[in-house]
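Chain lettering (A, B, C and D) follows the sequence in which the chains are written, and residue indices restart at 1 in each chain.
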Amino acid sequence: RPARAAGQPTLVNSIRSLSNPYHATWNKGGAAFAKSVGADYVTLVTEGNSEKGIADIKAILAKTGGNCCINVDPNDSPDARPIVEACKAAGAYVVTQWNKPADLHPWDFNPNYVAHISFSGVPYGKAMAETLFKAMGGKGGVVALGGIESNVPAIERKKGLDQALAANPNVKLLDYQVANWDANTALEKTNAWLTKFGDQIGGIWAANDDMALAAVEALRAGGSAGKVPVTGIDGIKLAVESILKKEMVGTVAWDPYWQGGMGLSIAYHAKTGGFDPTTQPKDHREFYGKGVIITADNAQAFYDSNIKAEPKIDWNDIWGRVNGQIRY
Amino acid sequence: MSASADEPVLAMAGIEKSFPGVRALKHVSLELRPGEVVGLVGENGAGKSTLMKILSGVYQPDAGEIRLGGRATRFASAADANRQGVGMVFQEQSLLLNLTVGENIYLGTEAQFTRLGLVDWRALYASATRQLAKVQVDVDPRTRAAALDFATRQMVELAKALTLEEHASGHLVILLDEPTSVLERPEIEILFQRVRALKARASFIFVSHRLSEVLELSDRIYVMKDGAVVAELQAAEADVKTLHRLMVGRGLQAEYYREPLQKPFGADVVLELDGLGRGDAYRDVSFKLHAGEILGIAGVLGSGREELTRTLAGLRPHDRGRLIVGGREVRLSTPADAVDVDLGYVPRERRVEGLVLFLSVAANITLPSLKQLARRALIDLGEEQRLAKTWVERLKVRTPGVDALCLNLSGGNQQKVVLAKWLNAKARILILDHPTRGLDVGAKEEVYELVRAATGEGVAVILTSDTLEETIGLSHTVIVMRDGVVTYRTPASPGAKPNQVDLIGHMV
Amino acid sequence: MRAPIGRLEFDRIRQWMPIVTLVLLIALVGAFQPGFLEPETLLQLASDTAVLFVLATGVTFVIMIGGIDLSIQSMASLASVIVALTVSRWGYAAFAFAIAAGILAGFLSGVAHVRLKVPSFIATLAMGGVLFSAALVLSRERSITLQTSERDYQTWITGALLGVPNVIVIALVVLAVAHTIQSRTRFGRYSAAIGAGEPAAYASGVKVDRQKIIALVLSGTCAALAGVILAGRLASGSPTLASELLLPSIAAVVVGGTAITGGVGSIWRTLIGALIISVVRIGMTFVGVDIFAQNIVFGAVLIIAVAVTIDRSKIPIVK
Amino acid sequence: MTTQALGADKKARSARWALRRRFAAWAPVAVLALLCVIIALINPNFLSAGNFVRIAQAAMIPLVLGLGATFVILMGSIDLSVEGVLSLSAVILSLLVLNGANSNDFGPLAILPVLLVGAAVGFVNGVVHVGLKTPSFMTTLGTWFIGVGVANALLGGTAVRINDPFIRGLAIERFLGLPWGVWLALACLAVAFVIQNNTRLGRYVYALGGGEELAALSGIPVARVRVLTFTLAGVFYAIGGILAAAQLGLGNSLIGNGRLFSTITAVVVGGTALSGGEGSVLQTLVGVLIVAVLNNGMVLADVPPSYQIGVQGLMIIAAVALSIDRNVMRIVK
């Protein structure tokens, strides 16, 4: 198929990899939206390699002659700039999520850089911490598993945790370890903790679900799964199931399905004249999305509506989940 | 296979073998009768090893027929040849140094000791001990091969070949490719005894550059030249001179060691050892070496002469006494230090320490003296080629070209490249560690000539050699070592050469 | 026994296999997507290969000598951090600092390798860890984006020279210099000798230890340069900026036909190797290979490519 | 006369060698002990029984992977397909046993096909490497990508929870205080040890590592040995995959992440030479323990996260530097 100058734009999702549940769901959302408008859909993966991610996007731009809408979760915040610049140069429309430099703004690249969506880690990191402390009865020691140190979300979520700790003097942070978002590492760290702190550990806070689930397994091997509360973030299937099994007490669902589809939808509508980005208020160009806090109370409901069934999302309700402008 | 006296055990007809750029064997035919020892002689590169390797299944012939016990056959692999009763002792050391002696002896034939897939090591080592006893080598088969000296390794290889006796039935063919080149006389005796003793069960092909040995052991002798068999004669009717003429194409010079060319050496001392010692290897060794002098060191294994040469090469620094090169006291803790003071080392282990086999001839020749070729930090490749070519010409190295890998040169030609390397580096002192090992008589003469020429220009030489004869013939001065100390020292100028017997007296 | 025509001819043909492979691959992708063959696409591809190539060049020196350098990716990241931290205050000197760090790191792992006799695999793996920690601490675990003013210092990387992106020019300079070092200097010759037969090289008076250190220093330098380029292209520095670049770099070297066991290889082979890797990767995006199939195709093509490119006549035994 | 002289001399030499080698073999153990002492001094909890169990748990997977890798490395080759095979087998296992994604429930039977898959990948490694004469480095790098790719395609990126009691039991149920997984790993060690010391394959692996041409001259079926060894390694990786799946209770194509370098590191730290011919599976056990203890101690000793990787690196250098015998390892690459 030759690169088409006009006609339906190609819809592109650029994500870290398809081997983690979070981005796999993201990809499903993207495919669903593309289907709803009958456009070609392409997935690009960075495999954690910034150079590759950017090169792939440039390749797509070249291939489609710029006639495409790109929804990208940059591998690392620096990547956003060259990506946006490339899209601007090629006349493609781009939406970024999660990572971007603070001084890179959509309105500086009108109209191509349509919007940046993020989820403030702070309030949700805090919310999870509080859920955890509640489950612990407001006192005791906690250990925390962090994500890759230079990642913005990792930093923000940790910040949220710290705030919650400040607010709950009876809860003590025994130790904070970096497990790179990775289950194997998390398992090792948790094991070491069980040695070091034994039953001082009243709860485990993890910056994402993969690490949280690993922590649960470490506990299980020690026979204390379900006794020590654990929280994660991301809202992947297994985490929600664990909440139902009372082995985890909370997680936050960003709804990657929505992220994957809506990011494209925003770019798509901007390109096809659905709305004019240049006239949009700043809180439509750089905004926080809504995350769903999942605890034992709403876990079942969320499971049935979002995981068992294909989520129903109105792709035209573009600003439905705007949750305030991003503050740096 | 039952073999009547006249019917050959092994017959090869019209064997052809070519390697990229080389026709190594040209229509070679050869016969081996029951209980016979056939000598095979020829210049370096004549094709002896190639022929042996074809017989032992390592190479496949391009053309020709091999008949074993009258039946046409082919050796698909070394293992296959082994099964059919053909065993070989390879020219280059072929023990695996990271395995034990016993493991080496039965490598590839452990099947006989394997029950339910598990190797019965006790049994294996037991019979390994028996094999070693055969060649009268007194080492524990559980020793790692790396711990053995060359001669012992060679004997182990022989023991390995002799295992055929045990597991192959019928009449055997055993190929010996220069098995004696690293052996001292006493060990050679043992080897020859074994061979004679085995004649009832096996026939041998014996390759060597020591013509006297060939005459001594063989019944019949084939002479090869440039990949073809040029003569076949009864050992009884042959002598060194005839063999030599057939091999080289010209007569053997009366003055083998070029003694007339031996000039009296200069007065100035280039190297002085003063009470030198290292560990329990050797102690208070003292001597002076003068410009143009050839100093031969005689001594049996363990006499310390090997370690001493390694010290002078910078591989085993001394820990006692003084070592003075060109007036400066030095400690050679790496070969680089030795090269810096113009010492050149021609090692025994040619293929390991002598040459980078996977580098071109030219690159090897210029390796130690690359500095001279560097113009503004860049190597002058044109000059390098020119140099390499002149050396290849001068030393008559048989090679497809100076860009060919040393890997593919025959043993003798490789040695010439090593010599070229140091002559090109303008070494003032040459440490010749068994320099003519594996060289054919022709090549040997050329080497002697080169050494003489070098000494004529004031290069001093320290020589340890395979044969006393050579040591005596070549040296101005001979010192004898035993158990780490110098036991005897004698001048060896032309006419006044010492005789072997009294040297041996001081060796053992 | 002269007249080596046969062999030399054959060698001459084999020499060209890597390039042939590369051209075939490009043609293949072009056949599916003519757009791929347009000059700007190819220029783009070339500039996206620059960093990979520079990294791979460094490793080539180490692999030639029979070792390996696993610290390059951390070194590159650290370099980017150093640039990002210092460029505002020191301007162009920042790049010098980064390169200096590369040289130092290479030297240290070199010394650890030869003096402590620790395998280069371990020495550089460990050095990689140290460098990564350093990057984390220096950057306070954040990725540092360059301000507009600071970005002006990067134009020598981001700019273009008569339509050719500067990164390509830089890469070509690296190619020229590295190739000269490798094929014309004593170090180059010594490293080949050590890689092909260390004992003989050693016994011929080659200062083995020194060559090994030089090789690692060169590798560190290239890694640092790669980091500098990355910092320019991504207008920032981050302790994870170069992550996932290690294996592709080594793969580039091997796909080019350099023996992982050392002794045989060259820089231009590495260049071809790096290009082959980029072409396959980008090519798959262009052709639109299903995302789930991409890893599989990539793996298969790598194997086939190396099967064609390595020159077995010079490689002892393929291990 | 002379022969006796020789004999004596040789006896002395070989005695020296034996000593030296024995030392070389034990040095890593000494290092390990030293490491334990240091950590115990910093944090006595290290010595708690519970912690030994956890170290055992942490070590079981690296050990099994290391065993496979050891054989390949002894042979002088390298195998990068660890993560590929591990992920693939974990994923396949998770899909065959009682799981959260489909209705399969083959229980323990599922292990067989998984092992076969591991063997198959290893076999392909060997055959391609030998057949196409491609360096093992590249061949296995390729199969690594392919393995992960297939695992990915099978699951479409999702993670599958494993509910099979038998599999989960490997990580949870205990016998004599240790999880069954640890016993399985030890069983693998025993098997590997026997293969290494008491079978022809084991000897041939060393022979190839010591010098391939020479091995061929002795009539060793080089190609077959290579293929067999890679196949064997594949099986060990598959077992590693089963244990990983059991430990995390799920199958996912990321499950192999980071396993390759930790595996090779453990092997090399144990003192097995990447150039081949020198080393053993027991040394790998020591290497694995050194690394596991290091990771464990890192946390117990309150090393700040950002410094951990660096400190670990330095410790590993120290460990190897202390345990390498410079005289045996003249040439170090």
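Definition applied: contacts are C-beta pairs under 8 Å (C-beta built on N, C-alpha and C of every residue); 3 or more make two chains touch, one makes a residue touch a chain.
In this text the structure is predicted, and so the values were computed from the model without any measurement.
Of all chain pairs, the one linked by the most C-beta contacts is C-D.
Each chain gets a centre from the mean of its Cα atoms; for subunit B and subunit D, those two points are 42 Å apart. Centre-to-centre separation between subunit A and subunit C, using Cα means, comes to 33 Å.
Centres computed as Cα averages put subunit C at a distance of 29 Å from subunit D. Among the residues of subunit C, those in touch with two or more other chains are 136, 141, 199, 292, 294.
Residue numbers of subunit B whose C-beta contacts span two or more other chains: none are found. Residues of subunit D found to touch two or more other chains are 148, 152, 156, 306. The chain pairs satisfying the stated touch condition come to A-C, A-D, B-C, B-D, C-D. On the subunit D side of its complex with subunit C, the touching residues are 76-78, 128-129, 132-139, 141-146, 148-150, 152-153, 156, 212-213, 261, 264-265, 268-269, 273-274, 276, 306-314, 316-317, 320-321, 324, 326, 329, 331-333. In the complex of the two chains, the subunit B residues touching subunit C come out as 20-23, 45, 226-227, 313-315, 334-336, 338-340, 345, 347, 349, 352-359, 363-364, 367-368, 370-371, 374, 377-379, 381, 398, 400-401, 403-405, 421. Here subunit C touches subunit B in the complex through residues 1-8, 10, 180, 184-186, 189-190, 192-193, 196-197, 199-207, 263-264, 313-314, 316, going by the rule given at the top.
Subunit B meets subunit D in the complex at residues 57-58, 77-82, 90, 94-99, 103-104, 107-111, 114, 117-119, 121, 136, 138-140, 143-144, 146-149, 151-152, 184, 186-187, 190, 300-302, 508.
Residues 17-21, 23-24, 27, 146, 149, 175-178, 182-185, 187-189, 191-196, 198, 210, 213-214, 217, 220-223, 236-238, 241 of subunit A are the ones that touch subunit D when the two sit in their complex.
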